[in-house]
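Heads up, the next two complexes both have chain A, just with different partners, chain B and then chain C.
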Partner chain A sequence: MQLFFQQIFNGIMLGSTYAIVALGLTLVFGILHIPNFAHGHLYMLGAYISFFLMTLYGFGFWTALISSMVILGLIGMLIERVVYRPLQGRPHINSFISAVGALIILETSVIVFWGPQGRRIPNPYPDIVELLGITMSYQRLLVIVAAIVLIILLQLFIKKTTPGTTIEAVAQNREGAMLVGINVNWVSSLTFAISTATAAAAASLVAPIFMISPTMGALLGMKAFVIVILGGLGSIPGAIVGGYILGILEAIGGGYLSAAYKDVYAFGALILILSIRPTGLFGKELS
Partner chain B sequence: MAPTKFLREKWFYVLLLVLALALPWLMTNRYYFQIVIMGCLFSITTLGLNLILGYTGQASLAHAGFFGIGAYGVAILTKAGLSFWLALPLSALLAAGIGFLIGLPTLRSRGSYFAISTMCFGVIISIVAGNWIDLTGGYNGIVEIPLPNPIPLPLIGSLDFQTQAAQYYLVLTFLIFTLLIMHRLVYSLLGLSFMAIRNNEVLAGSVGINTFAGKILSFVVANFLAGMAGGIYASLIGTISPTTASLELTFNWLIFLLLGGAATLTGPIIGAFVIPVIMEYLQFLAEYRLIIFGVMLIVVIIYFPRGVMGAITNLKQRSRDFFGRRKETVKGVAGG
Partner chain C sequence: MRSCKGFAGFGFYMAVAFVLAWAVVDASAQGTKEVVVGFTGPISGVVAEYGQDCANGLEMAISDINGAGGITVKGQKYNFKLAKLDEGLDPTASVNNCRRFRDQYKTPAIFNPLFNSIAAISKINQEKGNEFIIMAYTSTPKAIEIGNKMLVAIPPPFTVYVKSFSDIAWEKGFRKAAMVATLGAYGDEWRAAFKEYWLKKGGEITIDKPANYYTETDFSAPLTAALATKPDVMLIGGPSATTALVIEQARGLGYKGGFILIDQAKMDYIANILKSTKLMYNTVGTAPVEQSPTEAAPNFEKRYRSLHKRMSTWEVWLHYNGMSALARAIAAAGTVDDVYAIRAAFPKAFPLLGDKFPSAPWFGITPGGRMECPGSIQTIDKDGKYGKVKLALWQYKTEAEFKQAVAKAGPISADVEWVFFKREKEQ
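This part shows the complex of A and B:
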């Protein structure tokens, strides 16, 4: 039983990352209809920028995290402008291929600048606490709490502020939003910036726990796509719940069935679910 | 068709074929010759990707996965003592069969959904290849895969595949075979129905095309070709590992296809030959090369979505329009 709770705890921690990353992806994929396939790679870049700021410039953990979010937000806006906006109105698959180009550039740049080997960010909170027989490190608890705070802040931003409501307006009806004077291009930039900044936050939070490497983003990006499709395109609650479910599924599957195949579960689940519902669990029909 | 007329119309292709057949006498550098052999092999895979992505409009990102299935199939079967000539069709059929089973659920979804679910399948293949140690040798892969068995020929003796020239003729034969199949397929009613599915699936369905069956067929043929190329690769190179099924390989073929020109028969071959050659020339740039390719991919998909071949067709069309219009105005003046 102790093992079970330990795995649940690890699963929630893992799920927190998945939830934040999927949340960012559902904003651009579900709302702007951009299949940002480079999302996982932007996450990876976020971890590297934090690492770089902390080790080379001696930033503290939190200042590095915030700076990384800002830098990634700007990079996200740049990518939206250069890689995706020229393809507006063309078939989805063109944006997808453009995204492959972007992710090759991102991954190779990181390899060229920082080398292909894995690195580790110094852990700011290495202490461990025992609760009901479950070992928890403060860093892991921090990830869980920070994820919840981030999710609530994002929700407040979208529901309560004017820029946030413009995002929702564009999601509901692009032409209608244009008619009432919303600058749709600006909303795209803003959404992209939020999406990549949250990815950077997630990456910086878990970087002290796992190794960071140039290839860490690819698998996570795919999982985020799986969560977004399963949770329903553009559905924020779907992305959050899906993220936590996948995290727990992987931790339990990895603990009880086979750790080597833990990445297979998510992808297998997707193929299985798409065979029953081709548009995802809560998905609407794609036009 | 009279032979002279045939020669007059297709002289370029005949010349190309003669050049291709004479290549072993023209190539002296073993290293470059190896690049040519890989070019032929990857032309086959890119032609397969072209069928499902270029003609049918479904972005399958599991292509290297099926290449890997073919490669592992031939490696395991030939190491178990089966003849290459039996193992190759079996492995290609295995890839096609798994493609059919995977196509049933995934082809019901569209656009990015299909791309993502096939990519998931591709990743599963390479994870399984890395972890099913008894069968696949894990991340170390399989080594010392035998070369294709010699073919006994009456009178001359037997044809073995020790030399590079023989290996080259082997892949060239398969490439020509693939091209013939693709040519037959693309210019048939079936090929037209694939293109109709690509252009507008709902419309294609409403004029009586069974779009799902069309997509499945296209996917199965594409995976058969990928599996076949994988099998030849395993036997000629001699070692395979999970990277043989990696997503990077699919991305490479995607670049070959898009830069060469999707939905043409010449484009994939141009891509598969020209890009590795450019890569060789840019050797001094080391890892920056990939950054250049990423940039090229974005620029091409934005400005020349149909690649080199598309740009050439465009140019031809424009010059024809230009000269055609001039003739017309001349006629107009004469008439007035």
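This part shows the complex of A and C:
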């Protein structure tokens, strides 16, 4: 039983990052209808920015994390403006191809400028604590708690503030939002900024546990897409629940069956759920 | 206007042609020709670092050889040049790259550091009239078992490590071993070889939970499962960076036992990521390059770091030696394009001793085509401190031959222990 709970803990930790990354993706995907395949790579860039702020400029962990969120937010706005906005109203395939272009540029630039080798952000909380037979490190606990805080803050922002509600308005009805005087372009920028800033937060939080490398975002980006579709396109609760489900699924599958098929669980679950519920777990029925 | 422009264009091309012609004349006046050597490997993607280290080692060797005046073949001076192409992790790309090298440069030899690709290109390197030598950077015995006559393998066979690591772990009193090593052809072979040897010694394998060290960074699931079987020692390893994470995560889950690192994972690299050897207590693996006991080693490492701004690895060092051996073989063969003669001249390229070469002495090449690079073994004790480097010679059948070789090892600056492993078959 202890083993089981340990695996669940492992899974929740993993799921926390998945949930945050998927959350950012679902905002952009569900609201702006942009399949931002470069999302995983922006996550990678967020980790690198934190890394450089900490190692080169001596930032503390938290200041680096916040700065990285701000910088990535700006980069997100820039990408929206340069890569996606010119393609508005064009077929999806156009923005899809732009996204692939953006991700290749991001990954190769990082390799060219900073080298292919993995790097390590020093772990700010390396100590271990044992609770009810489950061994956990403070940094892992921190990821779990921070993910919950971030999710709640984001939810409050969207539901309780004016800029947040404009995002929701655009999501519900783009033309309607324009009619009541909402600047849709501005909302697009804002959504992108939030999306990339949360990716930076997730990356900076887990970077001390794992490591950062130019390719760290590729598979995660794919998985985030799986989660978004699994949870239902554009559904925020769907992304959160989907993230945790996937994390736990991978931990249980990896622990009890075989880690060799870790990615099979994620993509297998996707196919299974879509065949039962084509709109995803929390997706609305298409009219 | 149009014709005038055309004339100006013509004049321009004439000028270019003139400059080119002059450049060619100039080059032959200097009298140095060029031999192009190919490298196809993963220079981008998840294992980009590995591929780049290999290429960097080749480039360093080439700049040293050219700097010393190149080689002379039948009175003609030659310099070397490296042509690099990226193959990611795709053997098909590797085959295409080799064909390109041959078409463009008539490369006599091509380096490759991935067994899957080596297996693929060893199907095309003996085509009549288009032969080339594969310089194979792979420790799996299968590379030699293929029986390709135009293949030269660079690193020692990993079976040396399987045996020596297991013996050391056994002496420490470890009996119950769990396996959480990497997936992939190489990892599979390692796990199978280790399992066989460990069981033969009378040990127990408690669990086999391989994980993908190339794409994963979270190993808590397989580790939790492995630790539940209460092992004394764990066989782990794949690329060094993720192996470091496995060690950290295992200790983070409360594991206090030992580690056996498969030879792809490098101790110094891991210690660098973990900032010290503190978590690596009770570990046996390949010795850090920095601890290489030769005179040339410290300076080599210093040069590499100032050139590439990162620590060097065995990939760099062994490719440096591999390229140097190739250059010597070409010089000894007296031809830059008869690849059969070059392949046959390889035994004349040795020994590569520690006065000029950073790695421990290489005495020769086996009849099957593997260069005789000693295995370097190191342990980290229960307090996290390095022990004495062991150099394993695996190419001799008798202890007398082994002792003779050790006597000819040349200048060795540090205190090392030579270990004898009887050669059983070509590997």
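Just so it is clear, the second predicted complex is superposed on the first by the 271 of 287 C-alpha atoms of A that agree within 3 Å, B and C clash if a C-alpha of one lies under 4 Å from a C-alpha of the other, contacts with A are read in each partner's own complex, and residues count from 1 in each chain.
Definition applied: a residue touches a chain if its C-beta (ideal position, glycine included) is under 8 Å from a C-beta of that chain, and two chains touch if they have at least 3 such contacts.
As the structure is a prediction and not an experimental result, all values here were calculated from the model.
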| item | value |
| --- | --- |
| Superposition on chain A - do chain B and chain C clash or fit | clash |
| Which of chain B and chain C A:274 touches, first, second, both or neither | first |
| Contacts of A:229 with chain B and chain C, given as first, second, both or neither | first |
| Touched partner set for A:219, first chain B, second chain C, both or neither | both |
| Touched partner set for A:91, first chain B, second chain C, both or neither | first |
| First (chain B), second (chain C), both or neither touched by A:100 | first |
| Partner chain in contact with A:260 - chain B first, chain C second, else both or neither | both |
| Which superposed partner A:111 touches (first chain B, second chain C, both, neither) | both |
| Touching partner for A:175 - first (chain B), second (chain C), both, neither | neither |
| Shared chain A surface residues [contacts with chain B and with chain C] | 108, 111, 219, 260, 263 |
| In the complex with chain B, residue positions of chain A that touch it | 29, 35, 82-83, 86-87, 90-94, 96-98, 100-105, 108-109, 111-112, 218-219, 222, 225-226, 229, 260-261, 263-264, 266-268, 270-272, 274-275, 278-280, 286 |
| Residues of chain B touching chain A in the complex | 53, 57, 59, 102, 104-106, 108-113, 115-117, 119-121, 123-124, 127-128, 130-131, 247, 251, 254, 258, 287-288, 290-291, 293-298, 301-302, 305 |
| Residues of chain C defined as touching chain A within the complex | 44-46, 48-49, 52, 183, 209-212, 215-222, 224-225, 228, 241-242, 244-245, 252-254, 273, 275, 309-310 |
| Contact footprint of chain C on chain A as seen in their complex | 3, 6-7, 10-11, 13-14, 108, 111, 115-118, 120, 122, 128, 130, 135, 137, 209-211, 213-216, 219, 250-256, 258-260, 262-263 |
